[in-house]
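Naming follows writing order (A, B, C and D), and every chain is counted from residue 1.
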């Protein structure tokens, strides 16, 4: 994003070239992404065939969308831990309300969007107006959604999704070469374009500024509470869209959505976006999500025993983030740059 | 404090050939500096000359890429500030360096809390701090006070106290007076005098030439990270000093009005404005007029600016712009109605440090006038040029700019909104003579264009040199007003009003 | 406080959980930590599948396989406050059972056989459940305590404490490493479940075909037993197990994993340790244009319906959900001083293609995540209670 | 006007004296009272030995974790790996003891060492590799998870009954585990109030840069906090082993990581570090425990419990935040403790410029 692009200042390496393209501290993720893909292709060349890639992108789309939403919140200096249970809640809501009736699909989707916006508003306003650190606000929201939904459905999802509802996540345009061009992919592209546009817009710049220095933003006339609240709304809306894709992709299960918040945050940070705000690009955040998904595929292709995968994942995440941190830490700029980004607002 | 007096001649510290680069950009080119016991050694140079960097190398914050540091002839290398402190070097940093949530005592003894059998002895810590404060005549400061509740000035004093408490042989002070008004500056003068007595060597950075000549025995001039010269202060005039520092002579410090600048209609008027911190504020500023708001620390000047700009509120009285009453509840509304506020705390309130010059310069437009942002932004390069901004391109992050250049970015940000009324709070705090001159010229140009300027400043020369009228604040109220324009107002008169000494002040009361 | 009795209960998980004790008796079995295979139990369970249970087939929840009745006269009483410490209702199987249990309670409350029914739910937190049980003991006014342990080994001390308090204790579903309770109610068990599924694949797949195993999560003994049995059976078959993957029971995860395996090569059979999300697995085949696999799911309706609709070769192993009725009935029997089996092994028959349509017929109005063998058709609340929860 | 301010100032002072911790304990009192009433209405007695016992038991486990979590949060850090550490330690304890009372000390030793090493790893990744604590500890957690899932397919090991006492025996109504937990809490409080490292935790949490410039080895402080946090989690693991009679990996799913953070914040410690303390945390833990017990007695639906918990946590923090806000607003320019230091000019201010002195110029100021 232009807002954070640095001027070339040392002998450019691959990382730097990418960093210059995609924003500070993000070089690592693109390098990692390339490595992971290369490795997958070596292990299993057939993965490079268009149909497989399409299938992969279809799988990856929801997490990438969640990462975009989480990016808005994180770059503004906040956190959204509620997206996982929101995705779960939305899928269950869809099943319960549609209950197999094709006709209800559109109204219910609209209602879901409404609900998403509401959740985002609550997260945002409680955080900005009541000055509750977003970590706690959204942790609370996570509990509330988790409980409320199960309270409503008696513990396990009821009803059923309509065929129409499942299309966006499952279907696509059948065509030669790629076999199927998934709707999910097209929706993702749409969202990406919007997201990039937003970050280049005045709003995007004020969002960045708010995450960087709330007080200075305020003095410059930024309505901090509004900017941040909108970020939370964006996050919840993205979670809703992700829910529509996930529900469409795999239907209703009791566990849907669980733990997605951590995966999404990890993805964003992997993308070189700094927790605490004011740094990083939305493209890189998505790349982070894509890298994670690719990593899971690689594990599978290597038929790594599924029990040790978390361990490997942990090591890779730490290593990547540490490396990115080192990149950013040059120059050691102890005065101006806090070496430890914060999960909460400076209130 | 140590009482053993060292004979003035002995050289305590010798830094030679110090090199330092950041981001592959060299900011110190083989600088030499030596400190003698009992001397005040001034270090001057433009913003970005490398003064703070040199100090931070001495303090163990940064490590030099090249060159040597010798203490008492022993070569030393400080990898961590702790080592510097243990070697008897203490520092008052340019940046705010206290913990707001902790007490004065906890801050002063941070890192060296006194202990009795391995446990921190809070009682003794407070006692020692109290002793120190009394010793320095700072009876109004209490060890148990939370730093957060101190004013900017109070906090700066605590930082100085902290540096003194190390009982160090070398104390470097990086613009210790930037946030201080003359009263506190005098206090500092007294402190420095006693320290000299005790043979402490003092490295002193300031942009205020007056202090350089008042205090220092020798002065070292840096330019663009290179050593220009080290001379005995007695052997040099301020003009020579400025020339060495800036590389060109600076004609008259305060530029004259642009011919034909005439006070126009009243643009800004505050009637009986008041709130928790200020009261009974009557103030008018006309287009093309420069009004200065003078007063001691905490007298309420910034508060007026904040209340005016909608950061705080006036709970009483009214504000009129171009004769029309307005209620400004937020900076946004203020900007919309043609106000601009250059805040006193550049890093905390003025800039988003991790963002580019461009992003900072267009921030207000983006925030308040998104529709006009794109086209407004086109003016920015022009503005930055006219301010002679020195940067590595508009995509450079502002945190890498020096103080003066950062201030120029802040100014550009506000000029881009083409304000009718501009409030400048400590506009030249911590910026070098060159930049200062640029700011003054800019102010003149603006008022020539009919902009109404309200300038808050703690530097009396600047108040007197620039203002058409001076409004003096005391304890949150207007103590009086002095008219007569640049040059005609005496510093004493202002101080008298500000402090309330000599009630029979001769300030005209129109 | 209370010594945990080192006597291993004769139920599979108990044995597995107490390798030391078992080890002495059966030298051939592995005693390594967390090894979930005890041949003796495996063989016993496989045998139990063919034993005709005692009791009326119309009420399978009252049937028992090779029961050894214990006298409960000592517990006979008029008090009828029933306390139930539930591990959780964190998955559809447990939700279904929980509804059935409540319906059963209602009936007996109407008959005046049960007074207060006091419940605490530990949300899958072992420590929480220990406190819950302790609270029941301390309250002192429970006339019987039913416990559905969240983890076999960890709940043992708490259950022993409950027994020590003199209240009749009933344990069901997952076991504990003690036989201090009056009765331990459970279907045949995890080995049988896993074996039913595995044997079906072995029988219906060509030698040399490939099988993918989908598991919910590691470390839950009931589930580990299922997999242990399957491994045992696959081991001496011609089938090639491509891998076993943990899915957290999340449909999206299941679909991802299956898709990736299909993308790597042929998958002829799917083995699952629990049916939640089976449909997602099947869809993975559809979406990638592969032929349907031979499949072992569970008697969960969404799977059975998909099975019917696609006509694929499949079986629905059953971990008898109707067992949730039995503890309630057992409590009233105990209060009445009637004998109950010390280990009450309920029948556990998988649903084959032959019976499938019949079961779907019966459960036509039931929601997707409902279990066919929930055994509540005769309860007054049926069907509403299970439909709108 | 300034006199008015002075008054206002002093009342604020009074309010400020009642610090965050006291407020939390008040909140606890409130919860207990309300809970007791609700329970009474339902025909039970919240303070019956049984229920008291229950509340205390429920508090001890979370107590250990939260005490540790407090230390890292004070340092502006965070530990999301505690759940995994607890699980691992319960297994190490149980498998090491393996039913043999003689091996108990060995097991305890092993647990503490392993926990400390994990804490060390967390601390070093954060302070040396400069990885954000959220990611660092999440990552380390995942690594431990991988190990647990691979090594243990379920509960393992056997805790001798002698050590199970730690989980089950009581002194009067007070469980032994609670007593130990409170002892650890007291130790923690002393550590924070009385040792330099304790002081430096507040400092590093307040500002790592300022601390460093003041000569504090900030890295060491952060590492220490993480080691202690992990050790506290290790103690929780020991308690689990004692209560389970064996070790269990599945504990990591029980959400102790987020619960402990919630308890700490509920206890009035700032998530951004630099302010708070263990005293408040204990109150926070007790609040959650009381809620649990009350919910249980009232047989609140398990899912409704989650809803209530979420709401209560957020509401509580919102209330603390309120205080923060008028705290800021209450920066007094004149009078009040400290305020004076702030704005009075250095040196004794001349008597005639004392606050409240009518300033003649004031009225004549302005232009009309």
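As a convention for this text, a residue touches a chain if its C-beta (ideal position, glycine included) is under 8 Å from a C-beta of that chain, and two chains touch if they have at least 3 such contacts.
Per UniProt, the chains are A = Autoinducer 2 import system permease protein LsrD; B = Ribose transport system ATP-binding protein; D = Ribose transport system permease protein.
Only a predicted model underlies this, so the values are computations on that prediction, with no experimental measurement involved.
Taking A-B and B-D together, the pair of chains sharing more C-beta contacts is B-D. Mean C-alpha positions place chain A and chain B at a centre distance of 43 Å. Once the centre of each chain is set as its mean CA position, chain C and chain D turn out to be 39 Å apart. Annotation: 74 Å between the Cα-based centres of chain B and chain C.
Residue positions of chain C touching 2 or more other chains: 89, 218, 246. Residue numbers of chain A whose C-beta contacts span two or more other chains: 155, 307, 334-335.
Shared contact sites, meaning residues of chain D that touch two or more other chains, fall at 149, 212-213, 305. A list of each chain pair in contact follows: A-B, A-C, A-D, B-D, C-D.
The part of chain A that touches chain C in the complex is made up of residues 44, 46-47, 52, 55, 59, 62, 153-160, 170, 179, 246, 249-256, 258-259, 296-297, 300-301, 303, 306-307. Residues of chain D that touch chain A in their complex: 76-78, 125-126, 129-136, 138-147, 149-150, 208-209, 212-213, 258, 261-262, 265, 271-272, 301, 303-311, 313-314, 317-318, 321-322, 324-325. Against chain D, the residues of chain C that register as touching in their complex are 1-4, 16-18, 20, 33-36, 88-89, 118-121, 123-128, 130-132, 134-135, 138-140, 151-158, 161, 218-221, 224, 246. Considering their complex, residues 2-7, 9-10, 201-203, 205-206, 208-209, 212-213, 215-223, 278-279, 330-337 of chain A touch chain B.
For chain B in complex with chain A, the touching residues are 22-25, 61-62, 93, 95, 309, 311, 330-332, 334-335, 341, 343, 347-356, 358-359, 362-368, 370, 373, 392-393, 395-397, 399, 413.
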